[in-house]
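Common to both upcoming complexes is chain A, partnered first by chain B, then by chain C.
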Partner chain A sequence: MDTAHLVDLLLAVGMVVLALQVVSERAVLRSIILFVVFGLVMALAWTRLQAPDLALAEAAIGAGVTGALMMMAWRRLLIINPDQPADTPRGRSRVAVPVALLAAALVATIGLSALNIDPHANGAGLIALDELTDTSLGNPVTGVLLLFRNLDTLLEMAVLLIALLGARAVSTPAHPNEAAVVETSAPLVGALLAILVPLSILIATHLLLAGTNEPGGAFQAGAVLAAGGVALVLTARLQPGERPGVVTQLAVTAGLLAFVGIGVGIMAFGEKLLVLPGTWAIYVIETAMMVSIGLTLALLFAGAPALVGRPK
Partner chain B sequence: MIAELLAGLVFIPLGATLLVLLLPRQARGYLCFTAVLALPLCLMPLTQAVWADGEITLALAEFTPPLGIVWRLDGLALIMLWLTAIVAVPVSLHALTSFPPGEQTGRGFWPLWLMLLAGINALFLSADLFNLYVTLEMITLAGVAMLGIGGNALALKAAMRYLLLGLLASLLYLLAVGLIYGQTGALDIYLVGERLETDRLAATALVLMITGLLVKSAIFPMHVWLPAAHGNAPGPVSAILSGLVVKVSLYMLIRIWFWMAGDWELPAAATALGLLGAGAILYGSLAALIQPRLKMVIAYSTVAQLGYVMLLFPLASINAFHAASYQLLAHGLAKAAMFLAAANILWSIGTDRLHALTDLNRKLPVDLFALALAAVSIMGLPPSGGFLAKWLLLEAAWQQGAWGWLILISIGSLLSAAYLFRVIALTCFHPERRHVPTRWQSPPSSASIAALVLALLAIAAGFTSAPILGLIDDSLPPGGIWP
Partner chain C sequence: MSQILGLAVLFLLLNLVAGIWRVARGPTAADRMLAALLFGSTTVAVLLLMAEWMTMPALRSVALLFVMLAGIVTIAFFGLPAGKDEQ
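Let's look at the complex of A and B:
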């Protein structure tokens, strides 16, 4: 057994153990932290499977944003009910063992079927690589997301907007400062932010531009941008606002506006539905999507319809 | 022109959502309602085109399968799109008063409702397994969020359960799509049907898909989330969830079973699906019979009525196909009407406990009339859409000598008559009962008219069978299983 196999084995065993710990841990906070670790190990696994785009997305969204969202939810629970620590009840649920057995059987069945997979010679993946040579793109994932199957991406953006609209419709807005966790006047906070926030913008822009030829793209870039926003919310530099203004609304809809505007507007010029007119259109749409994804995730994190600057 | 109209079905509501978020408050109501009214206008020329030339296909972004996504509009999809448009107009009329676009609840409702419409239309057009998944996610998320508008504690609890079960179901479906894509390198339903061999992988994928879709459609015994969700949702949202949203995953189930796996020999699985339908009919009807609240009766009735559609799988004949399509259509209209009428009663009296609802025939004659007309269709009394659906189903069972199913359908109809007559008897014929409600206000007339229009359409569906059945005949599944 060589080193590569050993690493794979370690990742596989590590993921199963971490997953078990995530569900069996009683303290919710520890469970969340373990989940974030699980997401990072998962990202490593995707790298080993030579899916760097997925690894980036898993690390940024699966581990980063999701973990931050869950921690914020945990904090809200503490604020609502300070006396009772948000722990899961003692003792094992009656359905735990049957559910675990069922899940194991499911994994085994799927695994056994997947072992026998014999990919079709004329699969979409090979055709995508073939078609990619006719475009100016170097990253087949971006090709699939923005050109070959762009309706999926467009509707995924709609799903994200629905999530934000749903959160707005269902939840009561957080109070100003409720989202902040750092003593805002501490001297090091400003210095930290002065590094973190520009860095998040820089990395996001790099991921976005790299996405045309290498791993990266609007989803990963948006998640990194959201991390910058989360830092600003945590330090109360940005605070939950009551009503979304025009700028907020424009920013959260920008991705869809650009996508629908170009993809459907193109029909007025005699082109077919969702045919993009060139590489510039891909850049415009991806940039707008990055802004929308970043702001939407930051808003979901803050649990607020809008974000406003700290009052002086 | 055809491509523009197809695009309109999805992108008019989607674009309207974006505009609603950006425009000032005053303009929103008109914009939302206009966007909904545009849907039937788009469908009319499309219907003519399907009528004349048969199925319409549109390769999006000019990439054809296996790489690209294709929209296919055939008779069955067209009927479902019409159901969506026809239910959407009165429901929106109702929502103009129950969720005024300028107020807090309206600001939550309208963008989600328009997004939901875009998702439903995109789903009916799509013939791509992964694209169907994305549209189904749009629909589930929007449905869950709409359920929580207004912040009623029972509704929020139901929304959470719906969300968790819905996500589990999506995950099962997605796992199956992954397996199928790994094997065939394709996602288009037709192409997958050609390429997929009947082996263990295909069987695993089909079981996962069906389980996921059964949870989403709330077919017995996976119905546990539905009654609380539909029974506690705010006014028009119940009508939307029961009339449209549960139909969507049933439609997908029919597509996948008959189009993707059309030539597989699966008699045992088909019987199993039929038995689930039988369980749904019996359990849903009996549970509806003992519910203390009007909206819960209607919600359990949905569990029961969806069971009839499941009988399509074991019967699998042209008649059964007619019947199932007609049941989807007629139930969608009648159930939306019932929930709108119930919403008006609830709004007017402040409770929907059956024992508090007395003398409705004098207080709310229009709403009670709508409720009763819709009940006629649900019970399957002539002349209504529901009658036609059940008659066709009985005929299908009779032709094949399937006496078990025949008896089941008859018992189901009797039970539905029992629980609906109970509602009507309690609401009309006990004027002297003591629980006189203290609160009382008459509902807006447009809200009552919306319920009545839908109920009349459910009855009228009994007279328009020829063109609808003609459309279905032109879009029967491929494969030679049709006796």
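Let's look at the complex of A and C:
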């Protein structure tokens, strides 16, 4: 057994052990911390599977933003009901073991049958790779997302907007003090933010620009921007607002507007629907999508229709 | 060279296994969180080694991301009421 196999074996066993601990842990905070650790190991597993795009997404959304989101949720539970920490009940449910065994059997069946599948000679992935040489893109994932299957991506942006509207419809706006966790006067917070927030903008821009030729792209970049926004919300530099202004409304819908605008506008020049006219269109759409995704995630995190600066 | 990089990755992963023990054991929430942050740093090292080992330079972007997100998670953890987790 060589080193690569040992590494893969360690990652696989570690993920199963961590996943078991996440779901079986009684104290909620412990589960959350274990979930963050699970996200780290998951990202390593994606890199071993030669899928750096997924590793980026897992790092940004799985380990970072979701971990912070669950800590926020735990804090709000404690605010709502300080006497009774929301621990899971003692002892596990009677259906837990059968469900776990069933799920394990399902995974084993899928895994074993996947081992026996021969790659199709004319599979969609190979055709996409062939077609990619005609475009100026070097990253096949971006090619599929924005050229070959861009209707899916467009609808994903619509789903994100609908999710934001749905969350706004059912939730009452958070009280400004609930979203923030750190006193604005706490020492070192300003210094930490002065590093973190510019860094998030820098990394987001890097991922966006790199996305055409190597792993990266609008979704990962948007999640990184959102992480910077989350840091500002947590430290009360940005506070939940009552009504979204024109800028917020434009930024949240920018991705959808740019995508539909270019995709439909191109029909006036005799092209088919959603045929993008060139690399510049991809850059415009990805930038708009990054802004929309980032702001939407930050708004969902803050549980508010708008974010406003700290009153002086 | 490739063999050395692989062995270094393996060694760091074994360190992670030792870290899981600390996360599980605690005893306070802060201990667990510090262990999780140590996990983050080790993961960054593993990713940087893997970028060379598997010749995938893009993994450095993932490592960069983890460095930034460690700060965000720390802020989110900051100020969680102490004592709720020590049972």
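Following the convention adopted for this analysis, the second predicted complex is superposed on the first by the 311 of 312 C-alpha atoms of A that agree within 3 Å, B and C clash if a C-alpha of one lies under 4 Å from a C-alpha of the other, contacts with A are read in each partner's own complex, and residues count from 1 in each chain.
By definition in this document, a residue touches a chain if its C-beta (ideal position, glycine included) is under 8 Å from a C-beta of that chain, and two chains touch if they have at least 3 such contacts.
Note that the structure is a prediction, hence the values are computed from the model and not measured.
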| item | value |
| --- | --- |
| Combined model on chain A: chain C and chain B, fit or clash | fit |
| C-alpha centroid angle, chain C to chain B via chain A, nearest 10° | 140 |
| Contacts of A:L161 with chain B and chain C, given as first, second, both or neither | first |
| First, second, both or neither for A:A4, with chain B first and chain C second | second |
| Contacts of A:A63 with chain B and chain C, given as first, second, both or neither | second |
| Chain B versus chain C as contact partner of A:I195, first or second or both or neither | second |
| Chain B versus chain C as contact partner of A:R76, first or second or both or neither | neither |
| Which superposed partner A:G125 touches (first chain B, second chain C, both, neither) | first |
| Touched partner set for A:R310, first chain B, second chain C, both or neither | neither |
| First (chain B), second (chain C), both or neither touched by A:L276 | first |
| Partner chain(s) touched by A:P215 [first = chain B, second = chain C, both, neither] | second |
| Where chain B and chain C come nearest after superposition, their Cα distance in Å | 24 |
| Touching residues (chain side chain A, partner chain C) in the complex | 2-4, 6-7, 10-11, 14, 17-18, 21, 26-27, 29-30, 33-34, 36-37, 40-41, 43-44, 47-48, 50, 52, 55-56, 59-60, 63-65, 67-68, 71-72, 74-75, 78, 85, 181-182, 189, 192, 195-196, 199-200, 203, 206-207, 210, 214-216, 224, 227, 230-231, 234-235 |
| Contact set on chain A toward chain B in their complex | 109-110, 112-114, 116-120, 122-128, 131, 147-152, 155-156, 158-159, 161-163, 165-170, 172, 246, 249-250, 252-253, 256-257, 260, 263-264, 267, 272-276 |
| Chain C residues touching chain A - in the complex, by the definition given at the top | 3, 6-7, 9-10, 13-14, 16-17, 20, 23-24, 26, 29, 32-33, 36, 39-40, 43, 46-47, 50, 54, 56-59, 61-62, 64-66, 68-69, 71-73, 75-81, 84-85, 87 |
| In the complex with chain A, residue positions of chain B that touch it | 3-4, 6-7, 11, 14-15, 17-18, 21-22, 58-63, 65-69, 107-109, 111-112, 115, 118-119, 122, 130-131, 134-135, 137-138, 141-142, 144-146, 148-149, 151, 156, 159, 175, 179, 181-187, 195, 199-201, 204-205, 208 |
